[in-house]
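Each chain gets a letter, A, B, C and D, in the order it is written, and its residues are counted from 1.
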Amino acid sequence: MTERVVLAYSGGLDTSVCIGWIAEETGAEVVAVAVDVGQGGEDLDVIRKRALACGAVEAEVADAKEEFADEYCLPAIKANALYMDRYPLVSALSRPTIVKHLVAAAHKHGASTVAHGCTGKGNDQVRFEAGISSLAPDLKCIAPVRDYAMTRDKAIAFCEEKGLPIATSKKSPYSIDQNVFGRAVETGFLEDIWNAPIEDVYEYTENPATPREADEVVVTFEKGVPVALDGRPVTVLQAIQQLNDRAGAQGVGRIDMVEDRLVGIKSREVYESPGGIALITAHQELENVTVERELARYKRQVEQRWAELVYDGLWFSPLKRALDGFIDEASEHVSGDIRMTLHGGRAVVTGRRSQQSLYDFNLATYDSGDTFDQSMSKGFIELFGMSSKIAAKRDLAQ
Amino acid sequence: MTERVVLAYSGGLDTSVCIGWIAEETGAEVVAVAVDVGQGGEDLDVIRKRALACGAVEAEVADAKEEFADEYCLPAIKANALYMDRYPLVSALSRPTIVKHLVAAAHKHGASTVAHGCTGKGNDQVRFEAGISSLAPDLKCIAPVRDYAMTRDKAIAFCEEKGLPIATSKKSPYSIDQNVFGRAVETGFLEDIWNAPIEDVYEYTENPATPREADEVVVTFEKGVPVALDGRPVTVLQAIQQLNDRAGAQGVGRIDMVEDRLVGIKSREVYESPGGIALITAHQELENVTVERELARYKRQVEQRWAELVYDGLWFSPLKRALDGFIDEASEHVSGDIRMTLHGGRAVVTGRRSQQSLYDFNLATYDSGDTFDQSMSKGFIELFGMSSKIAAKRDLAQ
Amino acid sequence: MTERVVLAYSGGLDTSVCIGWIAEETGAEVVAVAVDVGQGGEDLDVIRKRALACGAVEAEVADAKEEFADEYCLPAIKANALYMDRYPLVSALSRPTIVKHLVAAAHKHGASTVAHGCTGKGNDQVRFEAGISSLAPDLKCIAPVRDYAMTRDKAIAFCEEKGLPIATSKKSPYSIDQNVFGRAVETGFLEDIWNAPIEDVYEYTENPATPREADEVVVTFEKGVPVALDGRPVTVLQAIQQLNDRAGAQGVGRIDMVEDRLVGIKSREVYESPGGIALITAHQELENVTVERELARYKRQVEQRWAELVYDGLWFSPLKRALDGFIDEASEHVSGDIRMTLHGGRAVVTGRRSQQSLYDFNLATYDSGDTFDQSMSKGFIELFGMSSKIAAKRDLAQ
Amino acid sequence: MTERVVLAYSGGLDTSVCIGWIAEETGAEVVAVAVDVGQGGEDLDVIRKRALACGAVEAEVADAKEEFADEYCLPAIKANALYMDRYPLVSALSRPTIVKHLVAAAHKHGASTVAHGCTGKGNDQVRFEAGISSLAPDLKCIAPVRDYAMTRDKAIAFCEEKGLPIATSKKSPYSIDQNVFGRAVETGFLEDIWNAPIEDVYEYTENPATPREADEVVVTFEKGVPVALDGRPVTVLQAIQQLNDRAGAQGVGRIDMVEDRLVGIKSREVYESPGGIALITAHQELENVTVERELARYKRQVEQRWAELVYDGLWFSPLKRALDGFIDEASEHVSGDIRMTLHGGRAVVTGRRSQQSLYDFNLATYDSGDTFDQSMSKGFIELFGMSSKIAAKRDLAQ
């Protein structure tokens, strides 16, 4: 029986060429798998038929948008996951979603190998391969661009030679990855890190500098999960999509940064994540209101490690599971409403209310009704500062 | 010889009354010390004379603005210090500055005690007293508002009874602390955390929503120190002041949050720190360009602990000194230029350039000239993911 | 109706006097509660009758040894909890156990206050009061020794005056707290930290220097829980008790250290925890075999924070619950056997075997059968060291 | 001009064969460099001559024992560096020492490449290559065993064929790496992790179970540096050597563990480090006495990361330098004497004294002379536990 290779298929030039290229390099049959995580573009059925037309023995397509939102974006929101305090992990979240479908297809079709279209210098190759080896340690991985030197020029030549039904017209100047949680853009002129992005780079967000009316939204969370916008129930997917529209219309969620890749180099990245940034902003402030101080302080460290792990492609790792154990417990009381103004590129919290609030007006107020016993403070300060004071006595004596 | 008490004096009603109040409570002579950390307001000499008029046996005033910027704000910039990822420690930085002057005055005037005007439910009492006990463990601390129940009503009555030369007109609705690094505002209507701030609350920043022309600035750093704006050399103080003006004019640096106080309660705080937020934003991105990945990842944890320590009043603690040892070493190569657009409430980095850059165009580019050896990646991924893969083999077998 | 105070009762002089002392100070009725966490000594019924004889309106006794082992010692074992890398939290674990019983009794008997016999300079007062306020925020706490200046001399005088049925003979030179997980000793001559402990100090352990035959034990764990010794099923309590005997007979588990108390001072402490140290030693090595590297590295930090929190009296805090969420997930595969030699004061692991082992002989061996693909290493090293290498290029160029 | 390769030369079979093997594989001239880090064995001059006899164009030998102790072992002592809380980094410390000499020799002899004798599945290859690329990013690295498949059998055949002056007698059953800081042993029968080590494995330590007289030693530190034993001044090297003898004679410093290698696998390792363990034990307790609590708590995390970094071969990395900045500051007051009993495999601290002590007898004592103000505690506990208490109020209400 012929070996089978499952290919992560996008419908574009590169992965369409991969179908035949892999067949030639390995002698295997290629099963194409396309996963919709909200990247937009063509109809899934069109993509499926193109895969078959390009030589795939089987082609599968899956609408994974709800799954992506519920199982991948939501944990990121609960973790306030911002790699390097900025980047909401857009691509890093979609890869494990896709991996799960690739592995399922490999099992179903008896494939021994999974292939993907990544280059050899990015993070996504790691996310694919580390993910696959954690869900199916016996599957092999290949990356034709990296392993078989399938350059773009060679791909175009292959495409034309074989008469594949794909346009090989001039490439977009932008290298783009997008899904419902956001959009990543790289491009030649941005590789000079002194150059500013131009408006042309952006698609999910309007220009924040354009004068327009502000939008106001109330996001309701239950145990860390966004469940309503302006009082209307939403799924996580809907929350992201609707806030993509509303926050995007106000220019919210643009990120331009120099980033530390897992492969050891620094790269310039431009991102848009209007829904992601709006939801994380709201979620952070609701935690400020509902999470106890020491838990909140420790959770920041957990969040950083969570974001690094997921950025680094270790979604399916034991440490990720244990950090989720912490985060789930910490999210138990993160319920309530956050009101935000969306305007001028910013999502600004203007109000919070929660049945789970730890903000106690009577303890906080400086007006009448204050119940805080200020006489406790002297003893507190004395013992809180005691170890520093004893050290100071020693140090000043010398 | 009569005991002496050094009082942290602001010139306002509360601390003016404290002079006589302390004298009556303790029988001690009161030495008033006013420290200018850029809070604005009256002339220092006016303040000095008022202290004497209110009964102080001595009155000292000090312009500590340069010292505050160089020795307190600068370390905070190098630490990207944002308590709860938001608050640039405005008041928490000024307290140790003032403490240093109080302790020096106590030594000079032979005082046994230091007094301050804080209440018993805030952070500042801890910052004063923990600071004092770390610089002069033998000094006692008193806080008349907390320890002698000196309420505002009683203070006004005392003032009128003694005929002190201070206006006792109706109190401002706002409780304000400000200095060159920023401004903190608390007030009755903001104690309802569902209420949004109104424009009246702000003084250092214009309304971000007002349409206006954007401003562009280039900040130059040397080893983490801001040394020039748009190519013109500046001191740290000038950098803060000029960016207060320029970023403030664009509405940059407003913060509205629920915050965890050291005394265990949550409080609503509104801050403005246009210069602080602009400088930290620029400094963070310059670190993204010039600091190696593992150092950068670890530094985030150090930054969090640094900010918590300083927020908690432990500026003069042994741990703070050791964290500074780390940060100083980490700042060695943080030199270069950051270009930012200031507009609509945001300071947005648009360009970076540095002789110390670790961004390597030839490794990062996807164009010709790429020197990254992609063949290294397969081995990297295999071993990087090995421990997770071995765990997966076990876990999936069960 | 008369107010009621629940008193943590030990049966000894101090808390027996507390019954009447509290009644006189507060006018309240005293309910005595004695909790057996394995401290040994008198029969619970004898203690109960003494409380009544000393004036308690009610007296309750509870055998909490199983509960203490299962709900307090076991989480500490799973956390490898060693405060300052040394102290297995003996007293810090028993306090929350006792607190739970005190709070239940307060609810049952309608008490408004809980009293304990701690001084005002130790950790246990914090553990009692922070624990009580977390389980029953409305209960008040009093500590007669601290709050009513009930010194030992005064207690003896009170005892004799009232004719209480307790011996007031000369106090032991040692201040001791003990339970099934270990024993803590403080004493005058050890307050000189240059003095070594003498054999007289120890009770749970024999002199390690005495020549004797070694003992060998195999401990079996299921998901972090010790379930068998030498193949014979045990409860957690039995595991601790039997290892107290066997490891104690070999002098295992003595600790002599200078320790950082929560109240800010350093103190000299001597501990014995033969069962605790033996179980943690075995558990750590089983984790080395069964826990994936990155999870293991992170868990060390979690363990440190867990131990500090529990030492600091925050057993019932939100952060403790979230850390337990992490640890429970991390313990999922910690199953297998550890063989140890107990001898000369040491518990030394000599063998491990586990169905959950991540040790892969074929990957580890240098003999034939090696399946590790060494060709992967070059690429791994290149990219693993890339960020340091790029930094080195810059740094060396200067 | 012929290319030159600098080879890390041990004098043994493998690296002796490497000289000719590399020459044949690469056509380059080989410069042999042997570095004495206290591994014992043959005279350096004998080794030098053998290298030349085996075909090296140049041979250099260096006594780096003092350098190794002062610049590599000492920072590890100050960091209390124990990988996985056990392993004092014996081999991980010697590699960067050797790397420094290799790089110096490469510069001196105009070599373009450095070669070492490591396999492709251990940590040492990473330590060599990451170290070299951080000191000389332009040098290439080769490892004949890994890169040219130089197996032991082939090496013996090569040796005999070329008539090299080395004995090719049957290999020791043990794979050993040793230096003045300790000794690492791997061997076939220990690859079964249920097997216990036998006495034959050990060389630096006597059997702890053998009855013998205890030894007592006083170690004096200045700012974290061991400067005297029993009052007699020593260099760091002498401190290690003398404690190797004295602690080794008592069986101190044996370690048997399953360890997480950087390349992703777990391996069984047996170590001996009598001097290292004795010095770290003493240093830790002196820190307990002289380092303020919060600094001490944070330093534990720094120590863990330091040990992981060095284990992982990143000695020359930017993060390592910054952590050293922290540790140096933290070591400022770590001066004083520690008395230890060495016996039965244990180094047990029995006394501490220090001019820098933060232990305050008058604060700690329960006897007369107590200066601790217990009335401070009530306020401290109230505010210390406040945030948990407020959370409890909420959580219990539900």
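Quick notes on this one:
Please note the rule applied: a residue touches a chain if its C-beta (ideal position, glycine included) is under 8 Å from a C-beta of that chain, and two chains touch if they have at least 3 such contacts.
The structure presented is a predicted model; accordingly, all values stated were derived computationally and were not measured.
Interface chain A/chain D: over half of the residue numbers present appear on both copies, so the contact uses mostly the same residues. For the pairs A-C and B-C, the count of C-beta pairs in contact is higher at A-C. Chain C and chain D have Cα centroids lying 32 Å from one another. Note on chain placement: the centre of chain B and the centre of chain C lie 40 Å apart, centres being C-alpha means.
Chain contacts: chain B has residues 260, 263-266, 292-294, 301, 314, 317-318, 357-358, 360, 363, 375-378, 380, 382-385, 387-391, 395 touching two or more partner chains.
Per the touch definition, chain D reaches chain B in the complex via residues 260, 263-266, 291-292, 294-295, 298-299, 301, 305, 309, 314, 317-319, 321-330, 383-387, 389-390.
Across the interface of their complex, chain D is touched by residues 84-85, 119-121, 125-126, 129-130, 133-137, 146-147, 175, 186, 188, 191-197, 208-209, 211, 214, 254, 256-260, 262-268, 284-285, 288-289, 293, 296-297, 300-301, 304, 308, 312-314, 316-318, 339, 341, 343-346, 348-353, 357-361, 363-367, 370, 372, 374-378, 380-382, 384-385, 388-393, 395-396 of chain C.
Those residues of chain C whose C-beta lies close enough to touch chain B in the complex are 292-294, 333, 356-358, 360, 363, 373, 375-380, 382-384, 387-388, 390-391, 394-395.
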